[in-house]
Every structure is written in C-alpha cells, then in structure tokens.
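First chain A sits with chain B, and in the next complex the same chain sits with chain C.
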Partner chain A sequence: HLTTSLPLPSERDHLRPRIDLIVFMIDIKSKYSLKNVEASLAHLDASFFLGKVCFLVTGVGRVNFCSVEMNAIWKLGEAYCSPVLFCELELEGIRIATAQRLLRMLQICAGHIPGVSALSFGTLMRNTADD
Partner chain B sequence: MDETVAEYIRRTVLKIPRDEIKAMLQKWGFLSEEQLETVNFHQIKDNISQDVVQLCEENSADIKQAAVLDMIYNHIYSNKRTWSVYQMSKRGEDTEVFDLTDFKKKFKRRLRSDLKNVTINFKEYEDNAIWIRIAWGTPYKKPNQYKTSYVVYHSQTPYVFISASVLKSNMPLLCQALVVASNYHDIREMELRSHSLNSLKDIVFKKYSQNFQSYYPRPLQERNVAPETDLRIVEENRSEKERIQRLTREAFGDGPQPKLEFAQYKLETMFKSDPTMDVLDKKEPFRCLVKFSSPHLLESLKSLAPMGMADAPLSPLLTCIPQKARNYFKIREKKGLLPGSFLSP
Partner chain C sequence: QENADPNRTAFLLRKQWTLYSVSPLYRFHNSHLRDYARLLSAFIAAEKQKGLAVEVGVELDIKVAVSSIPDLKGSDRDQAAILVQLSLRSQASQKNSEDKLVWSGCFCCVFGDHLSENVSDDFTCLPLFLVNGAESYTSLVGTWFQKTFDCCFRRLAISPLNLCWMAAMWTGCKVDKAISAMELVFSVPSLPYPLDISYAIHPEDAKALWDTVQKTPGEITQEEVDVFMDCLYSHFHRHFKIRLSATKLVKVSTAVATAHCDGIVKFLQSKYLTGVLMLLTELAISQIQ
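Presenting the complex of A and B:
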C-alpha cells in the first residue's frame, strides 16, 4: 500500500489488511519529504515502533543534490528506535537488493520466520548500525 | 572583397552545425547551386568555411549580403540569444494601415540621423514577423558586426521582441526609431525575458493553453487512467492525488507550457522577526533576490506538486507568470493597516 502521508483515509479502513511493516521513504534531495515524514510519524500508533517501522533514504547516489542533513536522519532513527536504510532507486541493482532486504524484514515482521521477532530483529539492526 | 567581410562570413559559417551548412547556404541564395556543388561538406568545418569564403570572394560579397546569412542563422538559432519584450502604445485610434516600405524608410532614416555608422538589414517572414538586424558603430568607427541587435516586430501587434547587444546606450535610439517608424507614441520594456522567442510570442499573444474557469466534469477515463502498474500495489491516497492533479490543471492548463529559463523576485519587504530578537534596529526594508532557474521553468513548476515536492496549490506568485506576461517581479510591502506584500509593476 502506498501513500504520501499519514493518517490513512478512514474510508478504506475495511479494505485494508493487517499492516506488518511501515517504510518511511525520505528523498535526500527534498527537505519537503523529510518534513512530510516527520508530520506523518506523529500519527502512527506507538506499537508500530517495536520493530515494524523503518526509514528508507533514497537518492543517495547524487551527492551534489543532498538537501537533507545526515544528522537529522540519524536523529530521526534514534528518536523512533527504528533502523535506517539507504538506497539509490535509479540503479536497478541497488533497487532490487533493497527490495529484497525489505521483503526479508517484512517476512520477519509478519511472523513468518520462526524464532525471530520484529522486535529482536529491529534491535539487532540498530546494534550493528552503531558499530 | 573586404578582409573584414571575408572574416565575418568565415566566422558565421563556423557557427553553423556542419550538417546544416549546405541548407543554410542554399537558403541564403548568394552562392549558386553549381558553386555549392564544388564544396565538400563532409570535411572539417574549418575547411568548409575557407571554401565558402573563397566562393564568396568570387561573387564579391559585401557586408549587407554577409549580414543576411547572419540573419538566417539567428532566425533558426534564435534560442542562442536572450530576448526581451517591449510593448508600444498609441494615443487614440489607429486608422493607418501598416506600410512596410514606409516603416523601413522611417526606421532607417531615424536611426541614421542619430548614428551615421550602422548596418541595417530587414527580412520579412510568413508569420508577419519583420526581422531587423542592426550592427552598431560610432561616429568614428565602422559598425561592429559581431555585436548586433535583433528586433522582431509583428506589425499587427504592439509588441516588439528585442535581443540587444552589449551596448545599452543604443537602446533609447533603437526604441525611438521603432516608435517613429511604426507610428506609435510610446514604448516600454515589459518584465519578460527568455531565450525562447516563440515562447515569448505565445505568452504575449496568449497562445498557450490557459486555464478557463469552466466546470471540469469527471475526467474521461481514457485520458486519466494511467496504465495499472501492478494490482498488488494499492494507492491509499488516490483522492489526494486527484486533488493535486486538478489543482495543477487549473493553475497551468493542459497543454505545453511556454519555455522560460528564469523567474526573478526582488523582495523589498520588512524583515519580520520576533520583536525581542531586534535583528534590525533600522526600520528598513530587507532587500533580497530570489531567482528560480531551470531549462524549462514552467514545466518544472507544473510538475512540483504531482511529484510530491511541494504542496498544491502552488503560490500564485509562481502560477501567474504566463497570465501576467512577466517573469521579473518586485514585491513590496502593502501600505496600510495590514502587513503583507503585493506585486507591483
């Protein structure tokens, strides 16, 4: 399900399946996209932040066009206890690899991988990022 | 043939892309077909230009004929120059029919009466456009053929498009000559500039697609349904997307936008801050210049909201550009009780 902001329109509540993973996409070239994500985060129920949220920063290939500070992104990840992934959508290889990563995370968050919970995985991701 | 003319022709030919040279020379018509057949247009441009100069030497070209070639080049590659728009005004009704010969005579006479050394060329095109090429000199120097001004005048309209040379001092002379020759009273520069002459014409002649205040029924299915990418993707915010599309269409219309490269906003407004900050103790307007530039400004503005990079509706300061026929603005404080800002001419 794609959307440009939260909260989701209530008209479609009955059509929506259970939500297992929320990926907030931030375009590093657009301050507007960061603002949008920050505004949407406020609408999200706290229970999602136990491993079911991640931030995906796109557009990192074009260094000259970075508008969003890396500090702001790290702070966001810390504040919401969620992992931050980076990718460049314009390169097919990276796009596919990122999609595979997200799919793996989704499998964990949906409970399809026995022995690994969303929370434990999220903690694992955050601990390795700190190294 | 004069050395300077030879050099001028050589340099003009060098400007033309190699594949276009033959066609442009044919259009020029100064060299005969037989002469053009003798030139190898596949060699390097340097050699082509030498061959062409040689042939022009045989035909004894003078500067006026060389200027015609320059005009043809600038007509096709008008986007290499920056064009400004001027509007002429008359007192009262115009009952005179436009006479081209009369216009040309008056223009030359007026210009030459102020400045002896000028080269003036005229060329008329099918769309009622009169192109004028002027090379400026001084009382002591011959006209500089490399610093030329171009004027495009549509006789059925009060608009003149001018691509001036560096010599700003010649502008008043040029404007005077235009006003006198066309039987107008006054001329003023509009705040509209671009590299695309055709786009400027579209804007002032109102030929771009405007947003009419008509009722838009639900869009026809064939037009609006994008090919369904994947049924597994669900768009939660379709109504928001549609709202953005509607607002964008209302602001910009459906068709292609005129091509402008800049929009410039000169701010002369008061700096508004927390009174305790006391940043500026002098109550002077804060001077600031905001410039938007893009290879195609209006198309990029049109795509901002649909691409999720800005809120819709966009600021009217941006969307009013074609309607107001200007891309240079001055924003001043609104005088009165309410603080704010307004656009001034």
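Presenting the complex of A and C:
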C-alpha cells in the first residue's frame, strides 16, 4: 500500500489488513520529502517503532543533487530507533536488491520467520549500522 | 588578508568563472613559470598544427603568460595562486595594437590546509581552478597540465545544500549599498517541459530575516541555514501555494556573489572575495578527496 502522508484516511480503517512494516521514503533531492516524513511520523502509534519502521533514502547516486543533509537523516533514524536504508531507484540492480531486502524484513515483521522477531532484527540492523 | 592588494585580485571580479577541482600538481615549481608558459605555448601551437582548430579559419598566434599572484591565498601555508592567460597576438604588426586576452585560468588555494598537510612536499596543492573563456582553450590547457603534472581536473558542481549555505552566508554580509535583489532560482523536477522558478527578495528584508535567525555573529550552523530557507519557502508557499522545498535550488544571486549548481560563479565584492574563495576551495577539496 502506498500513501503520500500519514495519517491514513479513517474511512477505510475496517477494510485495511494488519500493517506489519512501514517504510518511510525520503528523497535526498527534496527537502520537502524529509519534512513530510517528519510530520507523518508524529501520527504513528509508538508500537510500530519496535522494529516495524524503517527509512529508505532514495536518490543517493548523485551527490550534487543533494538538498537534504545526511546528518538530519541519521538523527531521525536514531530518534525513532529505526534502521536507515539507501537506494538508487534509477538503477535496476539496486532497486531489485532493495526490494528483496524489504520483502525479507516484511517476512520477519509479519512473524513468518521462526526464531526472529521484528524487534530483535531491528536491533541487529541498527547495531551494524553504528559500526 | 587585509593587506592583500585589491588591484592584483580585481581581475576576478564581475566575470563569470567556471569551477574545477584539481588534484595536487606533481613537481610544479614557482621558479619555472616562464618555462611552463613556453612549453604550453608550443603545445598549443602543435595541437593547432595537428588540425585541432582553435579558431576556425583565422591564422592567429596565441601568446601564453603564466604568472604568480602572491596576494591570492588564505594563510601563509597556502600556495600562491597561479594565473594562466592566453592572448591572441594581433595579426597586423602595429606597435600600438594590444594583444587580446581570450582565456584566463587561475589555480588557487585559500585556507586549504587539510589537503596540503596530508600530501608530500613533491606536490603543490592548488585545488581550485577558475576558468574564463572558451571551452576549447580550457581543454588544451587542461590536457597540458594533466600530462605535465600528473593531475586531474574535474568540473566542480555545487549541490543545493551548499547553495543554501551560500545564500545564508552572503545574505549576512554587510554591503555598502544593497543594489541588487537577492535571487534564488529553482528548477522543478519531473515535468515534461523545463520550468524554472525565480524568487527575488529585497536584500534588506533578506538580511533582516537572517539577522533574526543567526545567534552568534561570525558563526553559522546548519540549523540556522535550514530555518532561514524554511522561512523563505513558507513565505513563498503562503503566496503561491508552491512548495519550493520539493524543487531543486540551482542558482543563488546576492550582492556578494552569484553561484550556479553547474559550478559557475561570479564575484561581485572584493571585500568578500577571500571568504567566497575559501568556501569554494573547501568544496574543491571535498570533491578531490
């Protein structure tokens, strides 16, 4: 399910399936996308931040189009205890690899992988990013 | 820097300069500038012979001058700037006809310590290269320098993030007469036709806004730059319902200098020349490293 901002419209609440993973996409070329994500985060129930949220930064291939400061994104990841992934949408290989990663994360968050919980996986991802 | 002779650096003002980053030059010696001029001149003549026409159809002689500008630097640890000038020798051998300057290239380094301290003494660090003139000459001179000193030239692009810093920094500079408006140009992405939005702000209003944002004079933080830009974006959104933060900032024009994301700048105030060059040197160094 794709949306441009949160909260989701309440009219369709009863039709919506359980949400296992939320990926906030930030386009490094657009300051507005960061602001939009920050505003949407405020509407999210706290329980999602136990491993069911991640940030996906796109447009990272071209440094000179950068309108968003990387420090701001790292701080966001830290503040919301969620991993930050990077992707260049225009390159097919990276796009496919990122999609596979997200699917894997979704499987874990939906509880389909025995022995690994969303929270433990999220902690694992964050610790490796810090290194 | 207060005792730098403004006349020696005045040639930089009010001209459009294209920026390049240059990796350190191997075995470049300030004492051999005349020899370099001779060698470069011979190289250009040879390339012309090979048919790489510089001026189509006209037989003109190119004179090369290479000089040092000791005043153009930041600290004493910086290398003095090197200026390369190409002039067309006038055809008619009249004594009072002057050679016409057709191309200028200036290598400089303003407060570039963090590059030069990590590099051996065989190398000369002049990371910022400013060019004014035809691309064909730039390519000739660049090729000769790359072959002779084993260095690498790259066009220096300026990201929207860095342009925001320049907008904030230059707005804060005190200028005697606020002549020109501050102008920001944005390029709108994802449209089938190219669309640029120009946002002009009265310089005094811009300075007043910056003065309320900046907490410590002489110091600028990323948060202050963000607040400054956000105020400008909100103001625009209130009036035009357009979110500039979703577009790409491509050009900043102030009374101090103008800068375009393709790495094209114009210096307008000699008082702030060193400051702007220091910032550009830093950008050049981060592109090299």
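Just so it is clear, the second predicted complex is superposed on the first by the 131 of 131 C-alpha atoms of A that agree within 3 Å, B and C clash if a C-alpha of one lies under 4 Å from a C-alpha of the other, contacts with A are read in each partner's own complex, and residues count from 1 in each chain.
Here is the rule we go by: a contact is a pair of C-beta atoms (placed from the backbone, for glycine too) under 8 Å apart; a residue touches a chain by one contact, two chains touch by 3 or more.
Predicted, not measured: the structure shown is a model, and the values here were computed from it.
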Chain C versus chain B on the shared chain A, clash or fit after superposition: clash
Which superposed partner A:66 touches (first chain B, second chain C, both, neither): second
Partner chain(s) touched by A:35 [first = chain B, second = chain C, both, neither]: second
Which of chain B and chain C A:46 touches, first, second, both or neither: neither
Chain B versus chain C as contact partner of A:12, first or second or both or neither: first
First (chain B), second (chain C), both or neither touched by A:3: first
Overlapping contact positions on chain A, where the chain C interface meets the chain B interface: 30, 32-33
Complex interface listing, chain A residues touching chain B: 1-5, 8-9, 12, 30, 32-33, 36
Chain A-touching residues of chain B, taken from the complex the two chains share: 233-237, 239-241, 308-310
Touching residues on chain C, where the partner in the complex is chain A: 157-161, 164, 189, 222, 226, 229, 233, 243, 245-249, 261
Residue ranges of chain A touching chain C (in the complex, touch as defined): 29-33, 35, 63-69, 71-72
